[in-house]
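In what comes next, chain A is part of two complexes: it sits with chain B in the first one and with chain C in the second one.
What follows is the complex of A and B.
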């Protein structure tokens, strides 16, 4: 019997638009998988011919979630090109902003984007609140938002919401799928934290805004330094940051950590979350400057899941392949020389479990995402890669955090190389960040007593050519921006973003990327409710928020919105 | 009463940026005066990151692009979020899906201010320059009149400061504050 195709488009609860198609055999085991971004982005084309000092301000418009990441990358790529060294204060403030961003971003990802893959809201409504309240102490010494009265109120609130017919954010999940493993009481604890997280994320957003100078779109970074000088020098603003930081950290310690421990217990034997990792190469940039000599995370890569060897990144080995992406191009190109010539070839007719439909043309081109490679191989990027690389590097803080978690849950190291491991790694990463952000903050407080510089002057010589790049770690993984400057203007610009590393299509050599490889071998409980696929893909934290408007997502009526120009790569961070 | 005028959209994609361009244009063309306070803010595509800001207000007006079955490019729609007809298609743009989810998430917490939506149907989605299609450009007048009438009903008068064509401000909307004032 021929394989059947399951189409999931769009994958919801992500930033942007992603389509995944899998072929299952008669036992509903995935044989092949294809991931496609059906939207494209155009930042590189917009930036050509612009003032390099504007690169960050424009790049931040790529995405509404990764705003700061692209802003900073755009600014620092230009600094690298011009040879500008921002003052220590500026570097610390940028690091604090990044730490604040992670504390916001990972909470939102787990609870509001990924959480409903683990939590069955309908089941939570039938839980015994008193039992759930007692159970919460099993996962945290000091649980938060799990008093009996609070849990009853949560049930009432969500019931009321559901009765009004407004399922809202809960509407798209596959309720009742047998691979939901939480008990009703565990579901209720997590649901209460879901609602609490809606409140805490506001505090996190405010915490970020303190040094962002302007909310919503931060304007505090410039080539050469920062402009939020008054905030840095204000004791009131500093203490405001500290207050909000403590609230958010408290939630991470008492809710997020506890819920992942609970998930590890409940899902520790659920087969569909113990796979989900096909590409065992992991790459990570450095990030989280703590002081003049120390970063929380260092860069590097490991191969074939081997934690005994870690390598330094050679930037010249990064390139992007477009064989199966909707672009012109014969051979892989280095980011400095990247091109952006669209070649949209559309979809083809095919059979799916839901009848005839337009499907991806995997033999030709099928995605707006390019395929980044390091030394011809595919790599996963993201929090899991970040932790594994630093674990292999012998980073004591990381080794301790990972060790404590494995001990607490009774899981082996091998459990990290799974969907569950990827989801746990995101929590552990932000736990490490929230434990250590205070070091960066104190470094700043100490330094401004004697040094108040925030800006380094520079000049752009129109008669010189420059090139530079930013490579670093942002919430969804390793981000790089690459710029060439000529005649004082941007000559070429490319952004190689985390989701591109993970979601990219097959390359010319037949090498498969992390998303596609992660799905092969997965058994679906019900091909018409492919929750297991969503859970794996969401665990990567996809972000393709390139915000193009009404392009038809079903691949049928694309002509009306025909794209005339596109960009390089299809995603933001 | 505090009223928020929130422009939503992505400047990188032609008409998609109309919400942001439009509020920037209004802010330069008019001074607003009256018994109620009006804030004009560029929301970009930030969606739920905007929640801390939105909760500060008693009423909100969102300016955005919109699509629904049977609509034509350049048409303008204005409605209460509570009355969003099912036919309105919020799919297709990350920020729109997210903006709708954001408003619903605020309902879950129970602190979304009353929300009006002023939407225009876009045509051009090209990432080459900061520009608008003629359809959306021609719709600006209708959008402006609709909005000013609504603001007037809320006790806010728009006092024109100068003659201005929205085309004049398009190239600089991304620079919403003077980033080089060091």
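What follows is the complex of A and C.
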């Protein structure tokens, strides 16, 4: 019997426009999977010819969810090109902003974007609030938002919607799917945290805005430093940050951590979340400056899931393939080899389990995302990669955090290499960040006693040519921006972003990327309600606008780095 | 209420009509407020703040309270085009007053890809269903520019791979009102900046129906909610400026109500980021602040529950609620030579108000004066 095709478009609860198609056999087991981004914007082309000081603010508009990441990357790529060293205070403030961003971003991702893949809202209504309130103590010594009265109020609030069949944003989901494993009481606890997280994320955004001006799309970084000097020097503002920081950290410790422990228990034997990891190579960047000598996370990569060896990255081994992407070029190209232009070939008509539809032409081109490769192999990036690389590096803080979690849940290390592990890693990463952000903050408080500089002056010589890059870790994984400046203007601009690594299509050699590889072998309870697919894809935290802004331009070799800023070929740490 | 009587009776009539429509929700707003622990007093305060924000006499306050209770009569459909989701993110940050988000919850949010649980076919079903069921009644909110090059195929949506262009024009046909949320859907935004590779356009350029623009990158949740409230109450478009922006939100320049305006008038400018002037909160005009050319209420409303805003954080305004600002306001951290040197007529033409003319002369004078005052810098 021929495979049947399942089309999911739109994948909701993500940033941007993503389509996933899978082919299932007669037992509803996924044989093949294809991921496609269905939007292209061309932001890099737009950056060309602009003032380099505008790069950060414009690049930031790549994404409003991991907002700030591209702002900082754009600013620091230009700083690297010009040889500008921002003052220590500025670096610390940028790190504090990054830490605040993660604390916001991962909470929103787990509860509001990913949460409904784990939590059955309808089931929560049949829970006994008193039992649920007691149960919460099993997962946290000091649970939050799980008092009996609070849980009753949550139930009442949602009940009305359900009874009327007027679920609003909760409508038409895959409620009742058998792979939802929480008990009604566990669902209720998580649902209460979903609502509480809506409040907490506002506080997290405020915490960010204190030094960032606003969230999303902050506006307090400039090439050479930061502008929020008044806030940095204000004891009132500093303590305001501290207060909000404690509220958010409290939620991470008492709700987010607890809910993942609860999920590990409930889903520990649910097959559909114990796979979901097809590409076992992991890449990570450096991030989270704590003080002059220490970063919380280091860079590197591991291969084949082998935690006993960790490698430094050699940028020259990175390539990008457009065989199956909607760009011209038939084979893997070295980034500097010429001009690439969009080559949209569209969809074909096909049969699916839901009837006729437009489907991807996987034998030809089928996505706006390209396929980055390191030494011809695909790599996963993101919080899981970040933790695994640092675990392999012997990073003591990471080893302890991972060890504590595994001990608490009774899971083996191997459990990390799963959908559940990916979801847990995101929580552990932000737990580590929220535990250590205070070190960065204290470094700042200590330093401003004797040093109040926040900005380094610079000049751009129109007669000189410059090139530079930013490479680092952002909420969805490893990000790099590359810039070349000529005649005082941006000559070329390239961003290589996390979701490109994860969501890219098949390459010329038939090597499959992380999204697609993660779905193969997955059994679907009901192909018309492919919840299991959503759960795996959401565990990667897709950010499609990030991955498809890529526009190729005429490549020009930068001999010094032996990589090109054109074609998005280079991502390195 | 000199001059407001007609408006007042119109609003009353509107409430009467709305209250006769069937509710889409089974719970009254009073009930929801009670569950959220919001006092009636706080609710009235909120209504008063909306009234003030829309620059209406205080007699309108009870009307806003009344109409808020009827908000669930209007189903909302929120579409994502070529965008970054920053506007949706801005909206979920909204909480002060807490009623804002509650209103949103209470309004029947039928389709919103970032927030909805359903995906794929089920999501498309919701969209089609809502457009059919609430034909002529729903409010359409659009986030993101509309790619029009290559027949719109730079963006496709859903199992049938419809273009963003076709989805938005279809949804516009039977909408009771259309709001472009953010600069991208209002004016094309970042993807429409030169050379605009995908032919991205604002919604009003691709649909035949009238569109209210609520620009900003992102716009404050206040401006989004306020615009909705106005529509609910009056059932008509608010007074709009030449770019179809509601005047109550976009009627003043950032510069007019800026906290650093006094320093501008005194000729005290930040000469370099991080200098003593920066530490003292002086004017950012010389660091490229576009506040004098930008119409928005950021200086009053700020962002993230009044936590902060760009000028407060020492970075100039970049003009993000103006059409084509990426192309006309850059370099963003440098004063606009063109606005200082170009003829006054073209300035008026470009910026859109005669008020600016005086300001430009003022800025020129200040800039010159400041040059003399700070010779060592020059």
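Definition applied: the second predicted complex is superposed on the first by the 522 of 573 C-alpha atoms of A that agree within 3 Å, B and C clash if a C-alpha of one lies under 4 Å from a C-alpha of the other, contacts with A are read in each partner's own complex, and residues count from 1 in each chain.
The definition used in the following text is that a residue touches a chain if its C-beta (ideal position, glycine included) is under 8 Å from a C-beta of that chain, and two chains touch if they have at least 3 such contacts.
Computed from a predicted model, the values in this text were never measured in an experiment.
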Which superposed partner A:230 touches (first chain B, second chain C, both, neither): second
Touching partner for A:46 - first (chain B), second (chain C), both, neither: both
Touching partner for A:195 - first (chain B), second (chain C), both, neither: first
First (chain B), second (chain C), both or neither touched by A:449: neither
Contacts of A:357 with chain B and chain C, given as first, second, both or neither: second
Winner by number of chain A residues touched, once chain B and chain C are compared: C
Partner chain in contact with A:57 - chain B first, chain C second, else both or neither: both
First (chain B), second (chain C), both or neither touched by A:210: second
Contacts of A:153 with chain B and chain C, given as first, second, both or neither: second
Touched partner set for A:112, first chain B, second chain C, both or neither: both
Common interface residues of chain A - those touching chain B in one complex and chain C in the other: 10, 12, 15-17, 39-43, 45-46, 53-54, 57-58, 61-65, 67, 108, 112, 157, 161, 166, 168-169, 198-199, 201-202, 205-206, 209, 214-217, 219, 222, 227, 455, 545, 551
Touching residues on chain A, where the partner in the complex is chain B: 10, 12, 15-17, 39-43, 45-46, 53-54, 57-58, 61-65, 67, 104, 108, 112, 157-158, 161, 166, 168-169, 195, 198-199, 201-203, 205-206, 209, 214-217, 219, 222, 227, 455, 544-553, 561, 563-567
Touching residues (chain side chain C, partner chain A) in the complex: 24-27, 32, 35, 80, 82-90, 92-95, 101, 105, 108-110, 112-126, 147, 150, 153-161, 164, 189-191, 193-198, 200, 217-218, 272-275, 278-279, 281, 302-305, 307-310, 312-315, 318, 326, 330-334
Chain A to chain C touching residues, read off their complex: 7-17, 38-43, 45-46, 50-51, 53-54, 57-58, 61-65, 67, 87, 108, 112-113, 116, 121, 153, 156-157, 160-161, 163-164, 166-174, 198-199, 201-202, 205-206, 208-217, 219-220, 222, 224-225, 227-231, 233, 342, 344, 346-347, 352, 354, 357-358, 452-455, 457, 528-530, 534, 545, 551
Residue ranges of chain B in contact with chain A within the complex: 9-13, 15-16, 41-53, 55, 65, 67, 89, 91-98, 101, 104-105, 107-110, 122, 125-130, 174-177, 179-182
